[in-house]
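Presented sequentially are two complexes of chain A, the first with chain B as partner and the second with chain C.
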Partner chain A sequence: MTTSTAAPKAAAPATPAGSPPTVRRKRSRLGRTPAAHYWMVVPALVLFFVLHTVPVIVGVFFSFTDYAGYGVWDFVGLRNYGALFQDDRVIEAYGFTFGVAIACTVLVNVIALGIALALNARIKFQALFRGIFFVPYVLSILVVGYVFQYIFANSLPQLLNGIPVFRDNILANPDWAWTAIVFLTVWQGVAFSTILYLAGLQTIPQELYEASSIDGASKRRQFASITFPLIGAFFTINMVLAMKTYLQVFDQIIPLTNGGPGTSTESITLLIFRGGFQGGEYAYQTANAVIYLIVIILVSIFQFKVLSRREAEF
Partner chain B sequence: MTMPRPFRRAATAVMATVLIGGVLSGCAGSGGDGEVVTLDFFQFKPEAVQDFADIIDDFEAENPDIRVVQNAVPDADTAIRTLLVKDKVPDVLTLNGSGNFGRLAQAGVFHDFTGDPLVDEQNPAVLEILDALGTYEGEEINGLGMANNADGIIYNKQIFAEQGLTVPTTWDELIAVCEKLEAAGIPAFYGTLTDAWTAIPAWNALGGQLQPEDFFDRMREEGGDVGPDAEVSFSKDYPEAMDKLQQLYSFAQDDYRSRGYEDGNLAFANGESAMYLQGIWTINPILANNPDIELGVFPYPAGDDPADVRLTSGVDVAVTIGRTTPHLEEARRFVEYLLSPEVVDAFVESQVMFSTLADAAPNPNPVLAELVPYFEEGRLIGFIDHQIPPSIPLQPIVQEFLLGGSPEAALRELDNEWRKVALRTTVRE
Partner chain C sequence: MAISTQGATTARAALPRTRRSRSGIGEDSRRVNWWLTALIAVLSLTVLIPLYFAIVTALKTPDQLAGTGFELPAPVDLQNFADAWNLTDFPRTLANTAFITAGAVVLTLLTNSLVSYAVARNMHKPFFKGVYFYVLTALFVPFPIIMLPVVKETAVLGLDNQAGLILLYTVYGLSLNVFIYVAFIRSIPIELEEAARTDGAGTWRVFWRVVFPLLGPMNATVGILTCVWAWNDFLLPLVVLSDPAARTLPLAQYIFQGQFNTDYTTAFASYLMAMAPLLLVYVFAQRWVISGVMRGSIK
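Up next is the complex of A and B:
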């Protein structure tokens, strides 16, 4: 930290001492950043490259081999990729993951926006409520997951004895287990989106509401014409972040269903982890991960394009 | 020209980062050059941590120049793979004699024991089981057995006595026992299907006895051609095993879908069911819940002739040495100690297992008495799930089938997965 704060101070007195012609000085101040600023990012760049970029490149490299994670390996070209597109287990995992991600993204954003509007209103104990609603996000998802697993497996079957789906343990039902995963994910994820929406709501000038109420606009009209358009940027970022996060759904599944019953709740990330580390198909699942990386990037770009188009400028 | 000051500072920061990194990795690399050699001992069995701690204490007392550090981790199969990815092979390992062990041996990770006198002390049947799992280039001996398990139906002797039941020796007798128990209002089995793997012991025992000769060898030959039209396939050869498995679960308690392994050990210990579809590895956990329960074990009777019954058994604890260990001599001395008759006898007695040594005395534990003849007569078969590649989701498929799927769909899925894995796996010469 000392380097980064001391460097600009050191650079400042150097300029008058050299006393270059006025024109050049002006251009250098406006057009060019001092070289020191570039040098300061070098350590971060090196760390990022070594710890992040290199592993990605190594991973991509191994996706063209038959490496099991240990021992000897050979190049197999694009065979892993070819096999992936014929693997119905992978395709099923994609279906499940996208279903859960879309359901979670929609539910989280609807609920979070509602909570944010409520918490932004003039209510008593506003700060306290904001704190309470943030608690689920702080808890470890794995710990919460085991608590919910107990609730679904033991408490709900007794409480909701009359409803067959709950009586037989919803987690053991191949058709409905995904709803339990969506429920836990939404319960935990709403807090983060709420915070972002609250921040967005703070940016809207109160005068707009005053002016519109003089014009006789209803609350609903105010929401549709003022609130929602003006937090458009926050809506976009929430949708993109939520989709990206829930496409990587993993921690929730381990304690709740562990991918079961059968393989009905097996997400892509879980499949990559299982097949790659436990199944001894490291290279094959690395190819899966490479494709998935591209898919997530494409989905995010697509969301940005579509959603930014309808953001209000102000 | 002198370096501009900001650049110097930046350079210093980079140098500091590099140096700190260097020092840290330097620390990790050195050590172990003193007089006392430290052996890294990877130990997979969570139930046996205390036993091994005692063994290590005794060993260290006799061998003051060796220190053994026991590393026991949950999910050992994944843990050992992550270690291997980092090229960190432990000096001495115990591993379950599963398909995973065979694949690691094939990858050339373990020491070759060929010619070692320790091999001669092993029960030949045990060496055969380990050999069948896979060895490096198909000709080495990459592991030795320390304890053998058995996959049988555990029953509550008190309940059997109260209901006037005898141990069944054929499939029809087993079903008759189940029906009598059902009539008496006692669940025959305690099902724990929340944990997918708990369905596999019964599947292994039934499938292993009912499958045709050389089933998996022929499956491997077919490879990518496995399907409904193939000569052998799960769809063709496993319906009987699946039907019988489903039949057994029809006698399980009502909430077998939502109970887990721990629930099962507790419930069975409390007498909530008469039998338990598990193996002898559950005996200790059951006794921990209820030390007074009287237990017995019998092999799964899959057919009509008592003479055909085979006990499913595998190497529960295999011992081996890392191929690249710099302390081979010390590691070898520790393994020799681990496999000495006194240590093995005490270990299998404590773990309720069977000794893997050639001239071992039978385990005196009365719970195992009914299984001893099968070991003595060699009426054993291996675990069939060890022959199935781990990337096939066998456990979830069997679990889903027992939760209400059809046997045809489950077997079709197994065939399909087998075909896909065979197609994308490179066969090494």
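Up next is the complex of A and C:
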């Protein structure tokens, strides 16, 4: 790597002097990289390599074996990968995860943008409402999930007993349990996206609105021609971050359905966790995780490409 | 990047201005939108109702649970909190969570800002540019891919405890934090550092005395993000911690739910006790938290 070539070069002029570190540092010229800058980076980099990159490499390595998480193992080549594409449970998990992630990304962004616009308008108790809408962000989704679990399972069937889906506990319904997970995810996810959009809205100069209203632009026109284009970068960041986050949906499922009924709300993360830790499918599920990594990267790149293009049009 | 820094200043400047103008007479020509205020008030119920629900349920006796759950408790029963306190070993789980969170926040602020500074000031060097993109790639690596190896690795290295978790949060936060810090540091004029250096300050001194204080808003943002993440995280402690005595609040809730899921009133008291600490901190630090995150969000 570049480390070996660059580091000694920067340190070299100081070393022959053999003087204590303080003196050495004072001598370092402006514009040249002080040796200290390498010391700021290298320890953290080593830790990052050991605790992040090594596990990634180990994971990818074991995905080519039949390791169960314990005992002996053998190389099996691409057999794990081949099997993944014929595994109904894996395919179902992908379908469920993508459905939830897309629904949550769209809903979170639409709702958060709406709330941010309202909170940025001239309303009473602005600070108070901003405070309230950010509350879900600081709460643990797992703990809140248990509260919602009780509401879905016990309160809603009584409150909405005229509606068949709710009367029979939506969480026990294989066709509709996913909506509860989307609801909880959106409930929490909106908070952070709202703040991001609010930050974006603050960067728009008020003069633009004044000028356009003199020109007779309607509120709708102002939103389409001023607000939305100017927060384009925030929209892109929000969409990409949200999709990436919700593709990893896990904490929301544990308290609500725990993957059930059956495996109807089993996300990829949950499947990897269960199969890898409890099912003796370490190698197989790691292969699943590798595919999943590739999928997430592809989705993110695709989003960036499409959304940035839209951004650039203005 | 240039636009984003400008954005940050505008946002910071805009906040006090609006606040002042609201108290001033006739300065803000826009009228209060009461229709929108009412709509927002109704929408805020979606946040408040679940909280209300948790509170009233926690205060009930089991035989009051019959209705829809939204009825007020009569009589109020505080025994649930005492039971939950004992069952979840609350003082210990709270101390564990607080220790891990505080450790992660402090270590993250001290180390991640340092890495970002060195990277931001040497972006023209291939080595530091390489470091920047190398660290950023971790943003896209889903946790499950490293989940299983990291459990084995932490066990081998003796890091399957609180100290290990602190280290993991610090390292795993690096990618996002470097991304946030670097953009901000590049907007800080280098002349300030050159002036300090002319006065004889070394690189470390320049960083701690000049740069680190200037990072104030970013430190607040990174601190809040790390705090909320480490406090509420469930999966990492679940797979990494081996000693049951080291368990955190979310873990205690998870185990609690499995063992006592029929005992709803006690369960709700424990949920409330798990939510309360961070919620209380938030209520007191609310304005600061929101403005901090808003500043940090501008990249």
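Convention: the second predicted complex is superposed on the first by the 273 of 314 C-alpha atoms of A that agree within 3 Å, B and C clash if a C-alpha of one lies under 4 Å from a C-alpha of the other, contacts with A are read in each partner's own complex, and residues count from 1 in each chain.
Here, contacts are C-beta pairs under 8 Å (C-beta built on N, C-alpha and C of every residue); 3 or more make two chains touch, one makes a residue touch a chain.
Because the structure is a prediction, the values reported are computed rather than measured.
J.: Quick check on the superposed pair: does A:R89 touch chain B, chain C, both, or neither? Answer first, second, both or neither.
T.: In the superposition, A:R89 contacts chain B only.
J.: Would you check which partner chain A:F228 touches, where first means chain B only, second means chain C only, and both and neither mean what they say?
T.: neither
J.: Based on the superposed arrangement, let me know which partner A:G69 touches: chain B (first), chain C (second), both, or neither?
T.: Both partners.
J.: According to the contact criterion defined above, which of chain B and chain C contacts more residues of chain A?
T.: Touched residues of chain A are more numerous for C.
J.: Kindly classify A:F148 by the partners it touches after superposition: chain B alone (first), chain C alone (second), both, or neither?
T.: Once the two structures are laid over each other on A, A:F148 reaches chain C alone.
J.: For A:Y81, select first, second, both or neither according to whether it touches chain B, chain C, the two together, or no partner.
T.: Neither partner.
J.: Which partner does A:A127 reach: the first (chain B), the second (chain C), both, or neither?
T.: second
J.: Once chain A of both complexes is superposed, is A:F304 in touch with chain B (first), chain C (second), both, or neither?
T.: Neither chain B nor chain C is touched by A:F304.
J.: Name the contact category of A:F277: first (chain B only), second (chain C only), both, or neither.
T.: both
J.: Once chain A of both complexes is superposed, is A:M40 in touch with chain B (first), chain C (second), both, or neither?
T.: Touch status of A:M40: both partners.
J.: If I apply the document's touch criterion, which positions on chain A are contacted by chain B in one structure and by chain C in the other?
T.: Common to the two interfaces on chain A: residues 3, 6-7, 34, 36, 40, 47, 69, 154, 277, 282.
J.: Residue numbers of chain B touching chain A in their complex, please.
T.: Within the complex, chain B contacts chain A at residues 4-7, 9-14, 17, 77-78, 81-82, 84-85, 100, 103-104, 106-109, 193-194, 196, 255, 257-258, 260, 389-393, 396-397, 399-401, 403-405, 416-417, 420-421, 423-426, 428.
J.: Name, in rising order, each residue of chain A that touches chain C in their complex.
T.: Residues in contact with chain C: 1-3, 6-7, 22, 25-26, 28, 30, 33-34, 36-38, 40-41, 44-45, 47-48, 50-52, 54-56, 58-60, 62, 69, 115, 118-119, 121-125, 127, 129-144, 146-148, 150-151, 154-155, 158-159, 187, 192, 195-196, 198-200, 202-203, 205, 233-234, 237, 244, 247-248, 250-251, 254-255, 268-269, 272-273, 276-277, 282, 285-286, 288-290, 292-293, 296-297, 300.
J.: Along chain A, where are the residues that touch chain B in the complex?
T.: Residues of chain A touching chain B: 3, 6-7, 10-11, 14, 34-36, 39-40, 42-43, 46-47, 66, 68-72, 74, 76, 79-80, 83, 86-89, 153-154, 157, 168-169, 171-174, 258-264, 266, 274-275, 277-282, 284.
J.: Residue numbers of chain C touching chain A in their complex, please.
T.: 4, 6-7, 10-11, 14-15, 28, 30-34, 36-37, 39-41, 43-44, 46-48, 50-51, 53-54, 57, 67-70, 111-112, 114-115, 117-119, 121-122, 125-128, 130-131, 135, 138-150, 152-153, 167-168, 170-172, 174, 194, 197, 200, 202-204, 207, 228, 231-232, 234-235, 239, 249-250, 253-254, 257, 264, 267-268, 271, 274-275, 278-279, 281-282, 286-287, 289-290, 293-295, 297-299
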